[in-house]
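I am attaching a structure below and will ask some questions about it afterwards.
Just so it is clear, A, B, C, D, E and F label the chains in written order, and each chain counts residues from 1 on its own.
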Amino acid sequence: MTETEATHPATEGTDETHAEGFVLTGIDGLDEMLGRGVPAGHIITVLGSFGTGKTTFALQFLMQGLINGEKGIFISLEEEPDSVIANAASFGWDLKSYLKEKKLHIVKLEPADAKSTVTRIRSELPDFIKKSGASRVAIDSISLLNMLFADDQERRERLFALCKQLKSTGATCVFTAEVKDDNSRSSRDGLVEYVSDGVIGLRFNERENGDVQLVIQVIKMRRLRHPRSVKPYSITDQGLEVHGDMEVF
Amino acid sequence: MTETEATHPATEGTDETHAEGFVLTGIDGLDEMLGRGVPAGHIITVLGSFGTGKTTFALQFLMQGLINGEKGIFISLEEEPDSVIANAASFGWDLKSYLKEKKLHIVKLEPADAKSTVTRIRSELPDFIKKSGASRVAIDSISLLNMLFADDQERRERLFALCKQLKSTGATCVFTAEVKDDNSRSSRDGLVEYVSDGVIGLRFNERENGDVQLVIQVIKMRRLRHPRSVKPYSITDQGLEVHGDMEVF
Amino acid sequence: MTETEATHPATEGTDETHAEGFVLTGIDGLDEMLGRGVPAGHIITVLGSFGTGKTTFALQFLMQGLINGEKGIFISLEEEPDSVIANAASFGWDLKSYLKEKKLHIVKLEPADAKSTVTRIRSELPDFIKKSGASRVAIDSISLLNMLFADDQERRERLFALCKQLKSTGATCVFTAEVKDDNSRSSRDGLVEYVSDGVIGLRFNERENGDVQLVIQVIKMRRLRHPRSVKPYSITDQGLEVHGDMEVF
Amino acid sequence: MTETEATHPATEGTDETHAEGFVLTGIDGLDEMLGRGVPAGHIITVLGSFGTGKTTFALQFLMQGLINGEKGIFISLEEEPDSVIANAASFGWDLKSYLKEKKLHIVKLEPADAKSTVTRIRSELPDFIKKSGASRVAIDSISLLNMLFADDQERRERLFALCKQLKSTGATCVFTAEVKDDNSRSSRDGLVEYVSDGVIGLRFNERENGDVQLVIQVIKMRRLRHPRSVKPYSITDQGLEVHGDMEVF
Amino acid sequence: MTETEATHPATEGTDETHAEGFVLTGIDGLDEMLGRGVPAGHIITVLGSFGTGKTTFALQFLMQGLINGEKGIFISLEEEPDSVIANAASFGWDLKSYLKEKKLHIVKLEPADAKSTVTRIRSELPDFIKKSGASRVAIDSISLLNMLFADDQERRERLFALCKQLKSTGATCVFTAEVKDDNSRSSRDGLVEYVSDGVIGLRFNERENGDVQLVIQVIKMRRLRHPRSVKPYSITDQGLEVHGDMEVF
Amino acid sequence: MTETEATHPATEGTDETHAEGFVLTGIDGLDEMLGRGVPAGHIITVLGSFGTGKTTFALQFLMQGLINGEKGIFISLEEEPDSVIANAASFGWDLKSYLKEKKLHIVKLEPADAKSTVTRIRSELPDFIKKSGASRVAIDSISLLNMLFADDQERRERLFALCKQLKSTGATCVFTAEVKDDNSRSSRDGLVEYVSDGVIGLRFNERENGDVQLVIQVIKMRRLRHPRSVKPYSITDQGLEVHGDMEVF
């Protein structure tokens, strides 16, 4: 066993493009918790049950880039482009203008047509990211993408390969991921949280009197010292807003 | 990877028909909690254990439309049409007159005859909805429908395809779904809650002294800011009634 | 997809025979909780762990009919006819005289001989019910019957078909069903509670000091508004007796 | 479907031999809880984790019969005859004299030689019981016996057939059964508790300070009204002793 | 079915060699709890999670014999002989001298070479024990040994056969066994605790302030009345030491 | 069965090289808890959920060696060499200089290319370790490595073989391992904790008010008496730091 060639350039290579900088998520309160946002080039998994605002997180992350003049790609496995656009519009985010200017691309992958979808992702995604010049990519959701694969073995290999391809593009990525069970902190596949550079958990916190509070936690963030405390957040007219100064009840 | 053609029209298309408006569920107290009901064209999953009134919810939703002059379809996998009609009659809802006027259609699918059922759903449902002019569709229950499919892979693909077809019709849909376990907030298949636009949970809340309270929660509703608090509801002579001003015990 | 023909007559048909009336279960205190008993023609599942008196419930339900001059059928998968008769005798119910007068039929199905049992049930049961003139049928237990089938798919299809056949006879049915786990409110197959019109749960409630209380709950009853509170019951010399005025401890 | 012939004789048959009488278990305090012991001819399952004294219960039950002049059979799947004898001797029960007089038979079945064991049980056990004149039979444990069978389907059919054969002999039987999990009230196979006429549960009750109390509960006993309270018991020099007047801690 | 021949000699046979006597485990405080140690010829399973000192227990048990002039065999599936020796040395137990004198034998079985290992165990172990004159045998761990077998059926048959062979040698045996889950009292295979004559549980008991206490419990010990209380123990420079006079916190 | 030849040399062999000494982990506070670090030649598994700093632990362990003039190998299955280097740099550890001097080797194994990876590990790793002169090896993570294997049987055999090969090199190894579930103390494969010489657990401890504390526990350490208490730790600018004098909250 000799060291892989890939290692040598790495040890001397420069990684200024995507390892030195930070990118803001655009989530009010979260960027403050993290300091300067998340490390550029990271793959961040947003992990939560349905109804916790994972898609909104992904859209808000892309909007932050669009406002900054960056380009973005939203890869949807759940909602049709129409629905994504309407969803964003309900937060006052006008995706249509960015779509027209080719600053944003919405790609719908059909889970009902697994084979061709998988083939397209493998062969075309990295090129598409590079050609489009996107520096932010969202996949909503990685869990549905993983379900396209026939078995655990294939799922693992594809997920690893996808992450590697995405990392090679230098773009910062947000994956939304479904949890295994109601109150779990494990994803449905139990893998994506390990291969991601960062994991942000979204959960319900239920009070005895029937109130329900949404809470967020930065569980993992490679190359960044970060608080691990659980903080309440709301889904407002402007998207997610983390209340870093509030206690959970 | 180039953007799908489907995306382009979407970005310019108009979605007035089913994205701008709202439809009332007809559930007293729930429409108030949501503001103006649910977004038109949404697929809403009503998720709960047996005995929580899921079928009643679906019927009440259709009745609200019938009263407004809309047309509806009730796709039943559990009860025979007779039983559905008698069930509705026990709440004072006279389905027979609407059936005669072809404003309501009750379709019984036979879980005991899986193959032909599946074939009919695939090939005929979208057309049937469009021809009938129905703007509200209820499937009771999506869990039994999912069980018709041979394996997880097929289940996923069919469910995605069904949702897409339903969305294409512009009708607002209510799916009833069974929970995985007694107190779970996951559906039996663990999928429908993710592909639906909205999820409303119905649950039992048991007191120490033996009283049992039914409670409702809007867990997810795309494109709508909504309270996530848990509220008691009753099943009365007029159907479900949510007590938005009561606390759970 | 056109409406099934079966639907049309239903919408105009009369369902006086089995949808308008109510039948008493014969369980003291339970009929009072329900008002007038259970809707005639319903399939009622009595769901509980071993030792909760499910078989006694089923026998008591049949006895109530026999006393009223109705005919009944007891389909046993657990106990031999001898044992059923002796069991009933221990509650003072003399089944032998009814058996002689052909007002009661006890049918033992052999779980050890799955294939012929299944064949007989499919081909002969509906006719047998109609010919015997039985208006009450008990299957003890539906869980053991379900176990006869080879896999989940077959189990589902057979259970649906059986329920449909039973409904077509107009008889009111009681199924006893085993729970999945100790404290579960799900049946062993997780299906029968959804396809039944009513579900009555029987459970153990254990006190710290070692006392154990049996408690009953009407969890589901289509077409009937009913309390959902949990009430204690006893197994006395006269069968089950629900203490509707007592609190659980 | 016509009634089985087996039913007709049953309705007229006499079941004096094994349905009228009661047999004492020989467990101090338990017979008092039950009143007069267990109904003769019943199959009683003693359900508990390892270390709760299930084998001792079975031996004590046989000893009570031997002392009364009855004959007994001990079918062992766990311990060798030597070990059974030594085990009994440690409670002061001298099995050797009864073995010599042919009043007791110890049969060791080899789980390691599944096929021949199963064959022997099927073809020879009922005859062996009848020829030996045994009125008490213990199988230690039914869980290990069930494991001999290849799959769930076979397990079910064999268990039902075995119970039917045992019932036909008129002997009262004690099965010991292992629990599924630590604190479960379900047996390893989840079946034997339903096909048995009676179930007696043995469990550990652990105190905060490290004390552990053994507790017993009569969970089910067909044809007998019985208390369901949980009571402490000890394993003393004379076998199991139930403390019916003590509370659990 | 006739009684097995094996039964007859047993009923008359003498079992002085390994049934009358007791052997000390060498664990300070445990032998006192048990009275005189464990019955000779017993198979004792030491059940616990990793880090509870199971291997140390097994070594200490062998050392006690070596000090008494008995011979022993340590069958290792986890650690290499080197490591076993070093491990023992860290407790001041000099295995090397005993190995040289052929009073102790360490046999390493390779889990990586399943087939030949299984063959060797079956054909050679009983003879090896008899020839070596060992009266104490430790298998560390039985869980890893069980994993060598292809399926549950084979696992059961082999484990039963192994136990029978070991019993036939008259040696007292200690099996170490891994637990199924963190806090379980079930072994990984769920079998060994039932076929063993004794089970001693080792567990972690965690305090709120971060202290962790090791606790021991004699859960089962055939032919011996024993306390079932849970007691703290330590792993000291001299091995395990049970604090029979301390309470758990 | 005769003793394996491997045993004989072992009993006389000298194990000074890797059994007598101790190596510091470099984790502040942990080495103090352990006394003198961990025994040289041990395989230490660092077990924890994502976000607990397992990779940081492994890097810190290697850095400690590099600072001492030892050589090290980091085998990565998760992160690319670039990312590993950047990750280390964020703690002020400059791996590049050591890589240039060939004192550190980073080997990236591709989970997406299972077969060749497995082949390389088997045939080349031991030699590579010996030739490089590395006395410290980290595998990040062993869980991902285990996933490369097709089934449980192969996984077990490979893991055992790998451990044996690693032990033969005399190097001290750190494996990072993922937990099975959120709060579990079992690894994903449930095996590595048993075959390792030491296990160090990393966990989240969540407070009611939303604060989250990281806690560490030395669960197992062969040949070393060690405290088992749970202690808080932080991930600081200099890596992991254990607060041995603090209580967990």
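Rule of thumb we're sticking to: a contact is a pair of C-beta atoms (placed from the backbone, for glycine too) under 8 Å apart; a residue touches a chain by one contact, two chains touch by 3 or more.
This is a predicted model, so every value here is computed, not measured.
Any chain that touches chain A and also touches chain C is listed here: B.
Chains that touch both chain A and chain F: there are none.
Taking shared numbers over all numbers used, the chain D to chain E interface scores under half, which places it in the different class. On a Cα centroid basis, the chain most remote from chain F in this structure is C.
Chain D and chain F have centres, each the mean of its CA atoms, that are 51 Å apart.
The distance from the centre of chain A to the centre of chain B, with each centre set as the mean of the Cα atoms, comes to 30 Å. Taking the mean of the C-alpha atoms as each chain's centre, chain B and chain E sit 59 Å apart. Touching two or more other chains at once is no residue of chain E. The touch graph of the protein chains shown is a ring with every node of degree two.
Traced around the ring of touching chains, beginning at chain A and stepping first to chain B, the chains run A, B, C, D, E, F. Those residues of chain C that touch chain D in the complex are listed here as 49-51, 55, 78-83, 85-87, 90, 95-96, 99-100, 105-108, 110-114, 120-121, 123-125, 127-128, 141, 143-144, 147, 150, 178, 181-182, 188, 204, 206, 208-214, 235-237.
Considering their complex, residues 1-4, 6-7, 10-13, 15, 19, 153, 156-158, 160-161, 164, 167, 184-186, 190, 193-195, 197, 199, 215, 217, 219-225, 228-232, 247-248 of chain F touch chain E.
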